[in-house]
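Chain IDs A, B, C and D follow the sequence of writing; residue 1 opens each chain.
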Amino acid sequence: MTPTIRIQSAPFDPGHEAALIEDGRRDIGAIVSFTGLCRDEDGTLAALELEHYPGMAEAEIARVAEEALARWPLSALTVIHRHGRILPGERIVLVITAARHRGDAFAAAEFLMDYLKTRAPFWKKEHRADGSVGDWVEAKAKDDAAAERWNK
Amino acid sequence: MTPTIRIQSAPFDPGHEAALIEDGRRDIGAIVSFTGLCRDEDGTLAALELEHYPGMAEAEIARVAEEALARWPLSALTVIHRHGRILPGERIVLVITAARHRGDAFAAAEFLMDYLKTRAPFWKKEHRADGSVGDWVEAKAKDDAAAERWNK
Amino acid sequence: MKALYFAWVRERIGRAEEELSPPPEVATVGELIAWLKSRDEAYALAFENAAVIRTAIDKAHVRHETPIAGAREIAFFPPMTGG
Amino acid sequence: MKALYFAWVRERIGRAEEELSPPPEVATVGELIAWLKSRDEAYALAFENAAVIRTAIDKAHVRHETPIAGAREIAFFPPMTGG
């Protein structure tokens, strides 16, 4: 099974991507779809600018996907990550896992997100609503800890 | 926040339901969508007949949803469960959780599925491809164990 | 009180619902099951392994030790297999 | 070898890529960082906290102890914040 991996500036449609996986199959019992969105609770963010390392982003996500396929019996796997300018409320990342059983689909999706957060070469810069260029988003220790738990 | 809960015989569209949750919001960082499908790997199943206890199905899912809302800070929550005749490859159940952070959305979705499996009053009967009426699907000890882990 | 039966409990008893008027000494869900079981072969078959039977009073799960006093609707069914 | 810089490493150095020809005694990624740091103030600022700098050789993550021999492309960047 070859995972679907795309790095793109264009928006994506999670429902469409899941339907592509389901289509015509009778062997999938569980589909888990994770969508990560650009959040701005206090109204100070104009946009996030997502920089990435072309070539390595695809390669690294492919390595993480292979790791997931080695750990869990998956029927299908899709990862889409946007780059460029992303507005509050817009989707940034999509992970879809399909499996016979729900436990495998859930575990693989969570693993993929934890690893993408800490290993995929993307960096977020904030553009503020007041027109100024804000800071680069700082990596969170919480994300490292989340990825670390899969090594136990 | 009032969860969306629907028990219906009609099909549902997971992408549409997630889009309804996302629409116009800037405070959601993570959406986890779980779809459970009717599986038939060996081609012997014509359909599943899903019997349910009207009234109690809605009430019990509402109780499980309230329990999830008490445990995790969720921005939105949708549960849809079909009843009646369901063909292989068709969707049976949908759980969508939205939260600021992905850990809460993942945990709540998995909790909801584990509890739905063991507490929601639905029963599956198999109709075989050879025209015969098959068995009632037996409850799995694995599902009880999965629900039990949330009590720790 | 109204009794409801689901899945193979319903099939074995041969009906989906009925009115029950148990004698006053039947105080708990478990005693109601024992009373039903003694009615005829169909009930005996439905409740032959009483320990696996799940029960709900007024649309909420209850245990076999739960008193039935005040119940308007009581349901009997196998372990759930939804989701 | 080709060097690539991303995010605030790129901003501090003031360019996204360049060709590097380190002297032969520069054997590891960490030594390459130390060599770059000594070039001028921009590099010194970019690599002031060398421990946080992540590195990749030919599009795969490597540690600061990794030898650079044979590397065609080496990239320097802050901890990732995608997803």
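We adopt the following convention: a contact is a pair of C-beta atoms (placed from the backbone, for glycine too) under 8 Å apart; a residue touches a chain by one contact, two chains touch by 3 or more.
Which protein is which chain? UniProt says C, D = Molybdopterin converting factor subunit 1.
Predicted model, so just to flag it, every value in this text is computed and none were measured.
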* Asked: Going only between touching chains, how few steps reach subunit C from subunit B?
  -> 1
* Mean-CA-position distance for subunit D and subunit C (Å) -> 72
* Rounded to the nearest whole Å, what is the centre-to-centre distance of subunit A and subunit D, using the mean of the C-alpha atoms as each centre? -> 26
* **Averaged-CA centre spacing for the pair subunit C and subunit A, given as whole angstrom** => 48
* Asked: Among the residues of subunit B, which are close enough to touch at least two other chains?
  -> 36, 113
* Structure fact -> Where subunit C touches two or more other chains simultaneously, the residues are none
* Asked: Which chains are in touch, pair by pair?
  -> A-B, A-D, B-C
* To do: Name, in rising order, each residue of subunit A that touches subunit B in their complex.
  => 13-16, 18-19, 22, 24-41, 43, 88-89, 91, 100, 102-103, 105-106, 109-110, 113, 146
* Structure fact -> Per the touch rule, the subunit B residues reaching subunit C in their complex are 36, 50-53, 55-57, 59-60, 63, 81, 92-93, 113, 116-125, 136-139, 143
* Where on subunit D does subunit A make contact in their complex? -> 4, 6-8, 56, 59-61, 75, 77-83
